[in-house]
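In structure tokens below, several structures.
Two complexes come next, and they have one chain in common, subunit A, joined by subunit B in the first and subunit C in the second.
Up next is the complex of A and B:
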């Protein structure tokens, strides 16, 4: 079963949330960020080239121009490979754990897995981010020493930064699974 | 991008059902319901808040708690104190924003008038604030918030907590700044009539927009305990910071004179400050080590324990807007002897206080009168004094009166931009007026730019913790349980 809904991120950009339900214990949330827009790509390239031509007219050295070519190419590659995230996925399996995957524009994927025994709760929190105050979803990890305490906070959807309405939808689903998991593990 | 969790604060939770976020499901957030008539969304702004300790801090906290009790939504905005940054919740859902702004001097933030606008605007919009209430004229952030709030067209209230002079250069400059800051503020609150007079003169205000609402004490914190004091001797208690304006030089004249006259007289002095050395000198010269105790700095919770050891409370201040110390002392059942300066004569009725001129001779006369009354046993019972005083100054009363100010302010109109500029130019002198009018215009342009960058519509509306739709008030059983879980935080 797959449901897709459109939300927006904190900058007003478009975000698509895909919800796949495999079983009552297993759900997957996929947040697709907008693709690299032609406009920002053109703007970045133009800036680099304008600066390069400016320098070229000043010092009359053609090395500047070839350097500009390399800067644009390497910059684009680096951006696609290390910075630009196309899709963030949160897979929650009640009996197993939570897996977070972010796929970069170049195809690179990085995955983190947290087993259910370590997860204390999933909550929505507020933070001051740049010149904004935003809501974000995070996973609280249990402190192995003190069972009531929280050892670490792992933020989810770090690059997409969806707005509250989207977070609430994901949050409710996660809570449903966590509650089911509690019931079943409580009465074996 | 790793900064997304730069500042964070989270509630310690006992299970999935007790976190703040779980309340979301009960509260139809995202859709802002219009306020019930009569309640306000209030934002208190000041540089001074807990963990910093002092009169302004406890004033803001107590007033906010009582306003929450009366059904208003209250949030507090202050700057980050060390590791304490981000968003915290205090008892009964009082939300505090600790903003990462640079502290410049004496816990007051640096001001450029503009740099705090993006963050403050974001908070005002997401919390749907209707009234900005700034505290303390020493706080740069409070003035910044007033300036931005007026640009955004929100109602503004300002509380002044201190008295100023008129003579020296620094007060001339601060008075000018205060004139600019307050000339288009909707309403100003002072703590005593003397303070009102002072503020009206300093800031050249229309007295009709200045209200007097005194401070309050928590009477349950200051109860008398006559068994704690030794009735064979008479003990005079002094609790104040040992600085010039508290009249410590007068005290150093009084101590030897009275100690020579009355062999059964002891002094207890609580507080710390640069003038401590004078008192130590006096003690040394007249060999009074067993009769004058200097306690040094006192924590607020220890004040009552010191007060109940004495019979007479002495206050030697040279200037004072509203003296909390004498109310606390009277609430503990002590006879109060004080100088007749500033707002002090308004504070207590004549039968509870002996007022003297600020001179050694007059204060000694006053103290001798109190001592002879004590010896003849004509002083009223401490319990009786306490019962009388506890009705005078309560935070509930302060909140009620502040609420009336809010009601009045919310019916007023905020000056539109052109009138505001006119007011600034006509009211603050040609040079300052024009400078600040220009700054106001720049601030307005900056606001328009910010509105273009992040329109109000894409700012998430915060989930109310307090107020008519407050998550805390609806979930009363939660807040009771939640109180034991003190806020903790972790930032990285």
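Up next is the complex of A and C:
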């Protein structure tokens, strides 16, 4: 069962949320980030090349121009491989754990898995980020020493940064599964 | 018990007048030092005054310090803001060590820190009317 809805991120960009339910205990949320816009790419390339041309007119060394082309290409490749995240996925399996996957624009995927024994709760937290206050979804991990304490906060959807309406959807879904999990694990 | 009130008192009038006189005297002294040529001051007998360079340098230092203070305070605030994955956004030592008092019936609850899970349940699950479900 797959449902796709359009939301927006904190800067106003377009995000697509896909919800899939595999079983009563297992749900997946895929958040697609806005694509690399042609406008920003052109602007970055033009600034680098204008600066290089300025340097060339100053020092009359044509190596500056070839170096600028090289830098632009390498920079673009590095950006696509290490920085630009295409899609973020949150897979929550009731009895097993929570898995977060980020897939980059170059195809690279990085995955983090947290087992259910460590998860205390999934909450929407507010914090100051740059010059804004944003809502973000995070996983609270249990403290082994203190039963009621929180040892770590793991934010999810870090590069997509959706707004509150999208977060509430994901939060309610996750809480349904966590409540089911508590019922089945609480009863002997 | 002595009350601290901002009302005018005779002693405060004297403090104010002394402050006014001394600030006016200091300003006049500064103008004399800055403008009257070195030779005239030497002929009067005042030979061991600081260089006139400082008459311009010190105000410039002061103004630059003020400008940098604005930028520095902004920067210090940004550095001290907790990151998104810091546990300080959720709790702190005071909240962890708060005393657990039993609430009496029909009394207003004492002020305490509510855990974030409960707050979220209250906002997003219990009170569905607050945030319209699109």
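Just so it is clear, the second predicted complex is superposed on the first by the 187 of 188 C-alpha atoms of A that agree within 3 Å, B and C clash if a C-alpha of one lies under 4 Å from a C-alpha of the other, contacts with A are read in each partner's own complex, and residues count from 1 in each chain.
The criterion applied here is as follows: a contact is a pair of C-beta atoms (placed from the backbone, for glycine too) under 8 Å apart; a residue touches a chain by one contact, two chains touch by 3 or more.
Predicted model only: the values in this text are computed from it and were never measured.
In the superposition on chain A, A:155 contacts both subunit B and subunit C. Applying the stated contact rule after C-alpha superposition, one finds that A:127 touches each of subunit B and subunit C.
Judged by the touch definition given at the top, the superposed model places A:163 against subunit B, while subunit C stays out of reach. In the superposition on chain A, contact of A:140 is made with both subunit B and subunit C. By the touch criterion defined above, A:175 lies against subunit B and subunit C together after alignment on the C-alpha atoms of chain A. Judged by the touch definition given at the top, the superposed model places A:77 against neither subunit B nor subunit C. In the superposition on chain A, A:8 makes contact with subunit B only, while subunit C stays out of contact range.
In the superposition on chain A, contact of A:183 is made with neither subunit B nor subunit C. In the three-chain superposition model, subunit A touches both subunit B and subunit C at residues 120-121, 123-129, 136, 138, 140, 148-150, 153, 155, 158, 164-165, 168, 171-172, 175. In the complex of the two chains, the subunit C residues touching subunit A come out as 81-82, 84-87, 89-91, 96, 115-117, 120-121, 124-125, 131, 133-134.
Touching subunit A in their complex are the following residues of subunit B: 1-16, 19-22, 24-25, 29-30, 85-87, 97, 99-100, 118-119, 122-123, 126, 454-455, 458, 460-462, 490. Residues of subunit A touching subunit B in their complex: 8, 10-12, 83, 120-136, 138, 140, 148-150, 153, 155, 158-159, 161, 163-165, 168, 171-172, 175, 178-179, 182. In the complex of the two chains, the subunit A residues touching subunit C come out as 120-121, 123-129, 136, 138, 140, 146, 148-155, 158, 164-165, 168, 171-172, 175.
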